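In this document, chain identifiers A, B, C and D correspond to the written order of the chains, with residue numbering beginning at 1 in each.
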Amino acid sequence: MYRLSDREWHNYREKNKDRARMLIECPDRAGIVAEVSRFLFEHGANIAQSDQYTTDPENGRFFMRVEFDVVDLEKRYEELQRNFAQIGESFQMNWSIVEAKRRKRMAIFVSKEDHALLELLWQWNSGVLHADIPMVISNHPDLKETVESFGIPFYHIPVTKETKQEAEQAQIELVEGKADLIVLARYMQILSPYFLKDYQHKIINIHHSFLPAFVGAKPYERAYERGVKLIGATAHYVTEELDAGPIIEQDVHRVNHQFGVSDLKQIGRQVERTVLARAVGWHLEDRVLVYQNKTVVFP
Amino acid sequence: MYRLSDREWHNYREKNKDRARMLIECPDRAGIVAEVSRFLFEHGANIAQSDQYTTDPENGRFFMRVEFDVVDLEKRYEELQRNFAQIGESFQMNWSIVEAKRRKRMAIFVSKEDHALLELLWQWNSGVLHADIPMVISNHPDLKETVESFGIPFYHIPVTKETKQEAEQAQIELVEGKADLIVLARYMQILSPYFLKDYQHKIINIHHSFLPAFVGAKPYERAYERGVKLIGATAHYVTEELDAGPIIEQDVHRVNHQFGVSDLKQIGRQVERTVLARAVGWHLEDRVLVYQNKTVVFP
Amino acid sequence: MYRLSDREWHNYREKNKDRARMLIECPDRAGIVAEVSRFLFEHGANIAQSDQYTTDPENGRFFMRVEFDVVDLEKRYEELQRNFAQIGESFQMNWSIVEAKRRKRMAIFVSKEDHALLELLWQWNSGVLHADIPMVISNHPDLKETVESFGIPFYHIPVTKETKQEAEQAQIELVEGKADLIVLARYMQILSPYFLKDYQHKIINIHHSFLPAFVGAKPYERAYERGVKLIGATAHYVTEELDAGPIIEQDVHRVNHQFGVSDLKQIGRQVERTVLARAVGWHLEDRVLVYQNKTVVFP
Amino acid sequence: MYRLSDREWHNYREKNKDRARMLIECPDRAGIVAEVSRFLFEHGANIAQSDQYTTDPENGRFFMRVEFDVVDLEKRYEELQRNFAQIGESFQMNWSIVEAKRRKRMAIFVSKEDHALLELLWQWNSGVLHADIPMVISNHPDLKETVESFGIPFYHIPVTKETKQEAEQAQIELVEGKADLIVLARYMQILSPYFLKDYQHKIINIHHSFLPAFVGAKPYERAYERGVKLIGATAHYVTEELDAGPIIEQDVHRVNHQFGVSDLKQIGRQVERTVLARAVGWHLEDRVLVYQNKTVVFP
């Protein structure tokens, strides 16, 4: 199999060695941007990109994402964190500063279908998605060879009604401390609340419909029955309520009466893999903030 | 107000004076196309466009639409009808042959919002939609001046909970025998089964969501709550079950977290008027066939 | 004709009476945002929306647009201007602060085709486009009635090869001091450099192709010849070099082999009016900045 | 590497063992469809899909594609060919009847970039593209391992200015008699007229722009300079005149001022692989007819 494009990643790291991302979410009030930008200026930061959003300038919720360069970031990272803490506190912020060159660790769960998985692996391999992929976990053995050909460990954990709980325990032990993000790339099992509680807004699922249309099972069959003229897919964070978590990205593709269920599925696979890869890319670059079951995406 | 483009319509009629459209729907079996095309050949027809579709070549349902020219169509129209009847019978067809130059009569129902109405009137006025518009009926007086400026009669029939039945009776009396098609261009009242029974697949509504997402009232408010990333609209034939009739056309527009409810509505209005006008155009040109709550559209 | 929606405009003005927009373009260097946001904070501004962009954090060009509310804006507007001047100077900024409630004055030039004009008038009339329209100028008389039905003065200034110069002089006298923006809504004449010099980045044209494909005349005919599968339109600022000015917006619509030249034109008209209205809307809300023949659009 | 999905292909063949496709191109005149459909009926064909198009019912060019099932197709194929020959002659048709279960042989040419190649291999491997891939030829060795992991022979034929002619000779010897279609999946060399003469409308190239915009080299750099708001790709048949062959498919993706050249290239790669795969799929299913440097696509 073709090797991971280490060169791409090396280039990325070189280019981004001094690049940091600051994420802020807090009650909106006057003076936030002034204070944040003064802080960045005083710490010698060069702002490369800055996005902000308020649900309402008066008493709303404020969101901000800043990409900036600081000379010798690695050495000065602790200092930045320490010094910003006071601002964070005074504005009641949820905040973080992350180094762009630290890759998130992404575990992928799959079942039998490979399209969503392969799109992620291809984009990862060609340096579009910046992540470490410590493992792929599946309830079926089918995709073992594929995954391993990319040099990624593959774990087969079968799931039956009876063994569901222990299977989940095995999954948890595998990912615990090893994954910052779990991507369900057409994983056809429902995760229990017990699993979910440690991964709030850290599990991304691709749903094979334009949610909230066709919530639940067999969406393509139902789309066919209903005679819709567009087929969609939705990438969302997984929450306890099925198919109801915060939507990150959606897209659609035009169909017509000639499309049977299997044609819809084939078109759907194209939409699914595109939408999932886009959502995962945004998450990996800290472009998605969540508030009240909705996302703010700074693409 | 600018006058109806009579010149456009005159040109269209001249260009299409010998143009007919044949529509067929029947059980699929071998020999249909052979028989139909032999018929057309023997009657001297020049085929300009021909579309067909089968749900299944074996025991499925067959649909066909042929546009053809016949010299002196007007004189020979009766003969075509008479001669085709036998074929129609032997294949158990629902069929019709219509002259392209005979415009359908389209009544429009509106309430207060003008965007869908104006798009129809603009396209009609510029010769894109070929129809006669004998009347616009509204439960509010607001759009009277607008409608009359196009030279179209406007009828204000208020509807309240108490007067709903007699209001509908008044509407029926107005349209009866005068409309081949009723378009609900953001008409915010529900028509009763009694009204609907005479207009099966002859009433087109524009719903302000990507059905079946957000069936029912206040779809934009609910889309906002759900945090969707695309806003859609659906044109469909009206049936007794609300928002569940055969879908003719759908489209979407991309939105993001910055869009409040009123922004969604504004974007939605653009999608609504585009989708409705496209669906109405197809209906007027006999491009929409209905079967089992789904449409076959030959665009 | 239906009246201008004065109510809409009144509501908009009420809602935006304290809303200002600050526009900045300058060499990028550290501290700009810190200084601007400090200024805004000290003047009691509530930031509603803020966008920025740099071509390069080191020695690039910096662009910023801030929407903010200040209590009693009208009274304090002069003071804001005066106080910001020093910051503007020290960072070598091109800058402006505009009141959202002051509408730009938009003159529209047309020839015979009405689709682009009517879309602008419809969006203006329904309160989507916030502008005053002091006049429509045409080299043909055809659209006089249409324009006047909206209560807008219409000036017919014929243009022939011989009279081109004096016709332009007449146009200039009409718009001089009365228009902040000129929109060429399918105006089929080329403006001279003499005309253009006073309206740099203040004249928006809609070109009927996806520029730079099919620069020049008869783009639909040439698109048909070339057999393209998408038809596009481009809204751009007019510069001396024909069809080469900064692009504001583009869009396309899918076509196929069945589309003849007149079908392409019909589809094209839909794309043209959508694209032009979007570009004009962004310009009216000061969302378009120009630099080196390209636009920065903060939508 | 994951193995070719033989199961998929087996299923396809089973499902399509009696499926044929008839392709017709001829001068339009009355009676063609009648004759063709009579022929099909008399030979016991079940029509599954039928498309036709005429450039003009009077003296235009007629195109037709019929998919049909005939019991025991393999045995009766010769007979169908023989019997249809007379109709073909009398209408001056270019015609062919192909068995759906016979896969076309597709050679792929690449250079260093893998995205277009991998999309084709992925769709081929998952049973979306039905073809045999006897070889991949490249002027660089980089993708050898990738290609061979799919079980496909890889030939490295370096091309320099001096060796161009002999390199082409080596390519010709490899593909001669072994390929029905050549796909240039980002192959960065220009084929000589000598090579092309044997492969008229049998070589598909993906061009990295929305042709005819940015014909020639470095389209993304030039798109960046021009400040376009959409990035496109074009799949077309290769002809002697560079980038001027019949267009099969085009698509675009929205970009904005934030996109640098490398971002445009990344987005472009997504559009390129989608557009190329779609065009190749249509060609493999005999859905593309060429006439006068344009394509008729029956999707």
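Here is the rule we go by: a contact is a pair of C-beta atoms (placed from the backbone, for glycine too) under 8 Å apart; a residue touches a chain by one contact, two chains touch by 3 or more.
All values reported here derive from a predicted model rather than from experimental measurement.
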Interface residue overlap between copies subunit A and subunit B, same or different (over half shared): same
Most widely separated chain from subunit B, with each centre as the mean of CA atoms: A
Distance from the mean Cα position of subunit C to that of subunit A, given in whole angstrom: 37
Length of the line joining the C-alpha centres of subunit C and subunit D, rounded to whole Å: 42
Multi-partner residues of subunit A (each touching 2 or more other chains): 49, 53, 258
Touching residues on subunit B, where the partner in the complex is subunit C: 1-3, 49, 114-115, 118, 122, 126, 128, 143, 145-146, 149, 258, 266, 270, 274
Residues on subunit D engaged by subunit C in the complex (per definition of touch): 53, 210-214, 226-230, 232, 246-252, 256-258, 293-297
Residue numbers on subunit A that touch subunit C, as the complex places them: 30-31, 33-34, 36-38, 40-41, 44-54, 57-58, 68-69
